[in-house]
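Residue numbering begins at 1 within each chain, and the chains themselves are lettered A, B, C, D, E and F in the order written.
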Amino acid sequence: MFMNKLKNFGLIAGLTVMASPAMAEVPGETAFIFNTLLFLIMGAFVMWMAAGFAMLESGMVRSKNVATICVKNVALFAIAGILYYVVGYNLMYSGVDAGFIGEFSMWSPDDSAYLGETPDFGEGDTYAAGSDWFFQMVFVATAASIVSGTLAERIKLWPFLGFVALLTAIIYPIQGSWTWGGGWLSEMGFADFAGSTIVHSVGGWAALTGALILGARSGRYTAAGTPVAMPGSSMPLATLGTFILWLGWFGFNGGSQLALGSAENAIAISQIFINTNLAAAGGVVAAMIASQMVYKKVDLTLALNGAIGGLVSITAEPLAPTGGLAILIGAVGGLLIVFSVTVLDRFKIDDVVGAIPAHLVCGIWGTLAVVLSNGEASLVTQLIGIASVGAFVVVTSSIGWLVLKAVVGIRASEEEELLGLDKSELGIEAYPEFSRS
Amino acid sequence: MKLIIAIVKPFKLDAVREALTAAGVDGMTASEAKGFGRQKGQTEIYRGAEYEVNFLPKVRLEIVLDDDKVEAACEAIRSAANSEKIGDGKIFVLSVEEAIRIRTGETGAAAI
Amino acid sequence: MFMNKLKNFGLIAGLTVMASPAMAEVPGETAFIFNTLLFLIMGAFVMWMAAGFAMLESGMVRSKNVATICVKNVALFAIAGILYYVVGYNLMYSGVDAGFIGEFSMWSPDDSAYLGETPDFGEGDTYAAGSDWFFQMVFVATAASIVSGTLAERIKLWPFLGFVALLTAIIYPIQGSWTWGGGWLSEMGFADFAGSTIVHSVGGWAALTGALILGARSGRYTAAGTPVAMPGSSMPLATLGTFILWLGWFGFNGGSQLALGSAENAIAISQIFINTNLAAAGGVVAAMIASQMVYKKVDLTLALNGAIGGLVSITAEPLAPTGGLAILIGAVGGLLIVFSVTVLDRFKIDDVVGAIPAHLVCGIWGTLAVVLSNGEASLVTQLIGIASVGAFVVVTSSIGWLVLKAVVGIRASEEEELLGLDKSELGIEAYPEFSRS
Amino acid sequence: MFMNKLKNFGLIAGLTVMASPAMAEVPGETAFIFNTLLFLIMGAFVMWMAAGFAMLESGMVRSKNVATICVKNVALFAIAGILYYVVGYNLMYSGVDAGFIGEFSMWSPDDSAYLGETPDFGEGDTYAAGSDWFFQMVFVATAASIVSGTLAERIKLWPFLGFVALLTAIIYPIQGSWTWGGGWLSEMGFADFAGSTIVHSVGGWAALTGALILGARSGRYTAAGTPVAMPGSSMPLATLGTFILWLGWFGFNGGSQLALGSAENAIAISQIFINTNLAAAGGVVAAMIASQMVYKKVDLTLALNGAIGGLVSITAEPLAPTGGLAILIGAVGGLLIVFSVTVLDRFKIDDVVGAIPAHLVCGIWGTLAVVLSNGEASLVTQLIGIASVGAFVVVTSSIGWLVLKAVVGIRASEEEELLGLDKSELGIEAYPEFSRS
Amino acid sequence: MKLIIAIVKPFKLDAVREALTAAGVDGMTASEAKGFGRQKGQTEIYRGAEYEVNFLPKVRLEIVLDDDKVEAACEAIRSAANSEKIGDGKIFVLSVEEAIRIRTGETGAAAI
Amino acid sequence: MKLIIAIVKPFKLDAVREALTAAGVDGMTASEAKGFGRQKGQTEIYRGAEYEVNFLPKVRLEIVLDDDKVEAACEAIRSAANSEKIGDGKIFVLSVEEAIRIRTGETGAAAI
């Protein structure tokens, strides 16, 4: 597994080293523990991103839809976990063999090699099977979270969860097998370190497809096509969500080094932390300056999206760039946010939280930007990876959305939408008090 | 008895309340409101989409009082709420037929 | 210490292994650092649960009581820490000797064996004394947090904190000594890995006793006994709190493995992470489906409680079950939530946040469910443990509550309750603004 | 680097040990990984404090300024990261040589000693250069966060960010070089383990200077000088922020041990965690009791400030005190909060969130309190350190503020202030909805 | 037709609504308000600074109804809202010239 | 002068404002309200306990205007707020005795 990623092991912050005998200094079992610990802690950080999406989305939707977005975020994380266990993981990682798909079977851990009388800890690159599962699981949940934000305020609860099931059990794992599962894209040398394409664009494509099929919120565009602002209900919650995501991203990118059992890995993860932080910082600053210049005012929500855009942009290659390049890559991401928000509006694609600019547009940019620092990556291969994953997700998602639309309907009625999904779908209000006293 | 409805800027609430107390008014009820008038709202931009903020925050005061206090009360509100800026607000006077104090059942002037 | 827990060390994900010589591969001091690090990081995660309870409770009480619940949560965490230092820890862990109680003395660390010329790191199972204290301390705070949620909106501040002092200095440590302190229950073989009974039910019993003595909020039940809904003030804060608890629980259960210094332990902790997550997921899904079926709508607060119920349910044995069994154990917890909320209402037991269903009912269920996967546990012993801890906590808590009631009074007057505790007790409002502009 | 800190290595919880040969038991590369991991995880915890400041400040300002405080907090974290990379780090740590300043140059990692054929991991005290950078960077962001809270509700956005740039690129690094960079103060033996003076007082002095130059919010003091309360908009967000800071502080102080590669270090960090927690607890309890006694009511915001005051107080020496002393040191911090809030008001120094009492006053107290437990510290040296850092920051900050004031203006007009900065500066409201339904 | 404006304590809202329904009133509009009167607010302390909470939370009810129902409605409000504590509130009665139901265009008594 | 109090559905606010402006009304004041009437609230379930949501969200508009504009304004509100669904709301007309513009002290028709 992770063959493509393993290739990166020798590459430390832009400087290639030979495997040195000194690596043997960390005993196999110690390295095993370090690697496992990395997955568990970084995985917990990524799990925390689920809360980040929930808060960001709660802050960016109107009050009448806040309870619904909360329930969606909790439920999607639960569903993603269960389905990735039951089918997703093995579909992504088991028996892919340079092909297009893994096996339909339930995952179960096999750590027998590391137990018993004569455990074999390999070259310091082993870890508990379960820790890897956990780390992979939180990634699929991230992809699902992306979709909920774009489609908020108008999609019905259960059909949305139905799509989440499809995405996390089938769509995400299959395309994931192509690269991280050792499938055909990894054979081609497609480089996507922590998932600009494989996680973020996948969520973004699924969100885009859904947005097109679902249509914009009623009243979001005038008859003349002018976008109508629908300000989110709580800027501090949106800010909190962004900080949670920023924190979680250290786990997302740092854990994707996949090993901590050697000095090289420890050095690599340090570089990843730095680049992750600087790209986010670059995204914030660029989005703020761009929004000041274009709109004469700083738009907080674009600054927040800018952080996420920077983070997504560096995700495909958080290790090789210098800090300075990471700032630039993130800053381009921040600019892309500001401009693609407007472009989406031109096409009347209604993305409530800005997930498509942040995860899809910056995901593509980040995947291309790999070639700026990773000498082994080729632009053509990167484009093939972007396009093939995009095509696959668009097609499969479309089928999913259209079947759901035909069978159960995916969109709340206009009346329900006006009333708010909290009342029409949950019968509970996010802030229900008549009088606060 | 009269009912004075006064629409004032929110930050003037305390000054108006003090002026009214000084003018011998012992009770009033306030509520949040948003006003539309000559004072134009700004055009805001949210995620690239312009939108007009047509309604501006105001506080709405209701005061029921005896006929002979109306003039003094209006004057008190006027001088306290006036910042000589557009949007300072309005005072409306309506006639009230009856007033009842819930606690005691007193009516008329005794109730206010 | 932790004798009972240590017994579990050989048991890895349902597969018993012999202690292998390869364990010696991790040098003693390295294992010491790993074990200490485990306690510190996982303890920090559990500490974070204090914020989770604060947010969950802030979201589930009405605005007029939110500032009070905040002050209670901050204060209880402070008090628990100080008292567990001054008296609690040694009462729980010092000189219990298969008995019923430890010593009344102040804790202080002794790490002399690990320092100096010839340190002795044992069999890789040693750790810094302080790291263990820290990890134990955050557990007692959890038990106290449970109580505050149930009794919210009507209990007076200082008497509540008085009870917290009793609970964290005396009640929790004494019953804790019976099992984790190596007392009589551990001798019997009572199995409660991370504290379904010892932490969660203890908090739940104390909350139940308090709820009975304190009575329901005024207006909570009509004269005819029908429950009156009192919706919480902020669903996104309740959701945030639940996500925080979910994250913290990886520390709660994972850290309860008590060691990271060998591959076996690393593998075990990985399994614990998986099961913890899957049980929570099972709880969410089951609670959502049950609330949809029973009430025709998904109740967000029951879904959130479902996550916590699933987490509590797996806490007594998060290691031995397979992932599939963990989903089921959690799902039963989720169902128990939905139904016991109604049962409590039938008895007019007013539990503002649903802590009794989640922590007491699921705590009992989880303790019983140990026998499903842990071959060494016996149903009878589990029942004895549940009953004896329950009886002890109910009796001692009742004494505490009744003394407080007699001496200082525990309940805010009806007028104070109507006004809200924020105004009557703190003179500060959670959301004080007249006009937001 | 960190010469002063390294001196503390031999001192474990009040008990000095000789460097023992057993230390060699942890292989160099393993220790390297531990040390690096410590920086990364603890640094991530400290990064999380940025969210804590954002939430605390969001809760303590009025709604009309909440979006602005959010944008400030996100932006300052971004700017601090970039500038500490471009200039700050080397100014603080490169070539200080017992002097007053480092070098003006861009930081870049050099890990060549740890890679290649014959890596040299020193005495177990090495770590990845990048992990150290990351850990140092999050500290400078903390100092900047302190300033934003004090000056909230009246300072203009861009000039504030201009000051942040000055603080994080120049002021903080230069004074930091004096102690942690191995400059003249470290030569004198100034002891400030994790930065009561170097981080917190620095932020506090900059905030105080700003508050004096900027003036109080309009209406904050009557003509007669009586303070007018301006209650914050959301107590639960303020509480959340405090819990985040509390959690982050384990990283702040724990990571400042700077090494985890030996049992001694692991023991030391455990003690640091305990003392950090107990000092916070002492601060909460003392502030609550003091506010109950002085004002007859518990003031939640003072309890929250009390936690932070306790934390700042222990930060200069979180290792040497016993737990009991840590409680006392924290409790004094809590008392200082309650009283200095009033003192500031007497001088009409308007500190919106109480950052000056918490970070400056308690920072000074904490730096002095070092002598209570650390035998190597001298009161005179501590005073010299406090005074010289204070003088430097006051002078440089004043210059910064005055230049900004003269060139672009730093203060929003009275009308803008009345309207709220969200509307006047951002054109976005934190809670924009007319009607929530 | 008359307009009754009733200022009551928030927790009395449900009781008042029920009493009004029992008295044959089918419609009403409520809004949040804050009241100033004989019931004095507390002096609160926030971070050491005292401040007067002058305005206390109230609910403001508006009911338009036929002249002949006014007495019964006032009595219903009075008995339901009365807790015999200061601050229970007020009832004001004003004259209404016209009422229109938006949906149907009905006017007068038929509209309410 | 008259005071129009209009209770409408929240999402109709913008349409009503535009219609009023078109009808020559230059000022108005809006506030949040909750209404009880023929349009029945739902029965909600919260944690297993049913509860009636009796009051539904509405916006309450106040417009003071000259007598001769009342009819046009009422018609404007009616057509803009009408969705032909129950709960569309009400228009009430009261008589106003005096109006004052705080900023200038103008009174009567000049004040509005």
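Just so it is clear, a contact is a pair of C-beta atoms (placed from the backbone, for glycine too) under 8 Å apart; a residue touches a chain by one contact, two chains touch by 3 or more.
Here the structure is a predicted model, which is why all the values come from computation and not from measurement.
Note: Cα superposition of subunit A onto subunit D, rotation of 120 degrees, nearest 5. Residues touching across the subunit B-subunit F interface largely differ between the two copies, under half of the numbers being common to both.
Residue-number overlap of contact pairs with D-E passes half for only one option from A-B, B-D or A-F: A-B. The distance from the centre of subunit C to the centre of subunit E, each centre being the mean of the chain's C-alpha atoms, comes to 46 Å.
Per-chain Cα centroids separate subunit C from subunit D by 32 Å. Averaging Cα coordinates per chain places subunit E and subunit F 17 Å apart. Shared contact sites, meaning residues of subunit A that touch two or more other chains, fall at 27, 30, 37, 41, 231, 234, 240, 297, 299, 301, 423, 427-429, 431, 434, 436-437. Each of the following residues of subunit E touches two or more other chains: 30-32, 34, 44-46, 55, 94-95. By the touch criterion stated above, subunit B contacts subunit F in their complex at residues 2, 5-8, 31-38, 54-55, 58, 60, 74, 77-78, 81-95. Against subunit F, the residues of subunit C that register as touching in their complex are 226-231, 294-295, 297, 299, 301-302, 338, 341-342, 345, 354.
Across the complex, subunit E meets subunit F through its residues 3, 14, 17, 26-32, 62, 64, 94-103, 105, 111-112. Listing the residues of subunit E that touch subunit D in their complex gives 44-51. Interface residues of subunit C facing subunit A in the complex, by the touch rule stated above, are 12-13, 15, 17-18, 20-23, 25-27, 30, 34, 37, 41, 45, 62-64, 231-236, 238-240, 242-244, 246-247, 250, 254, 260-267, 269-271, 273-274, 277-278, 280-285, 288, 297-301, 303-304, 307, 322-324, 327, 420, 423, 429, 431.
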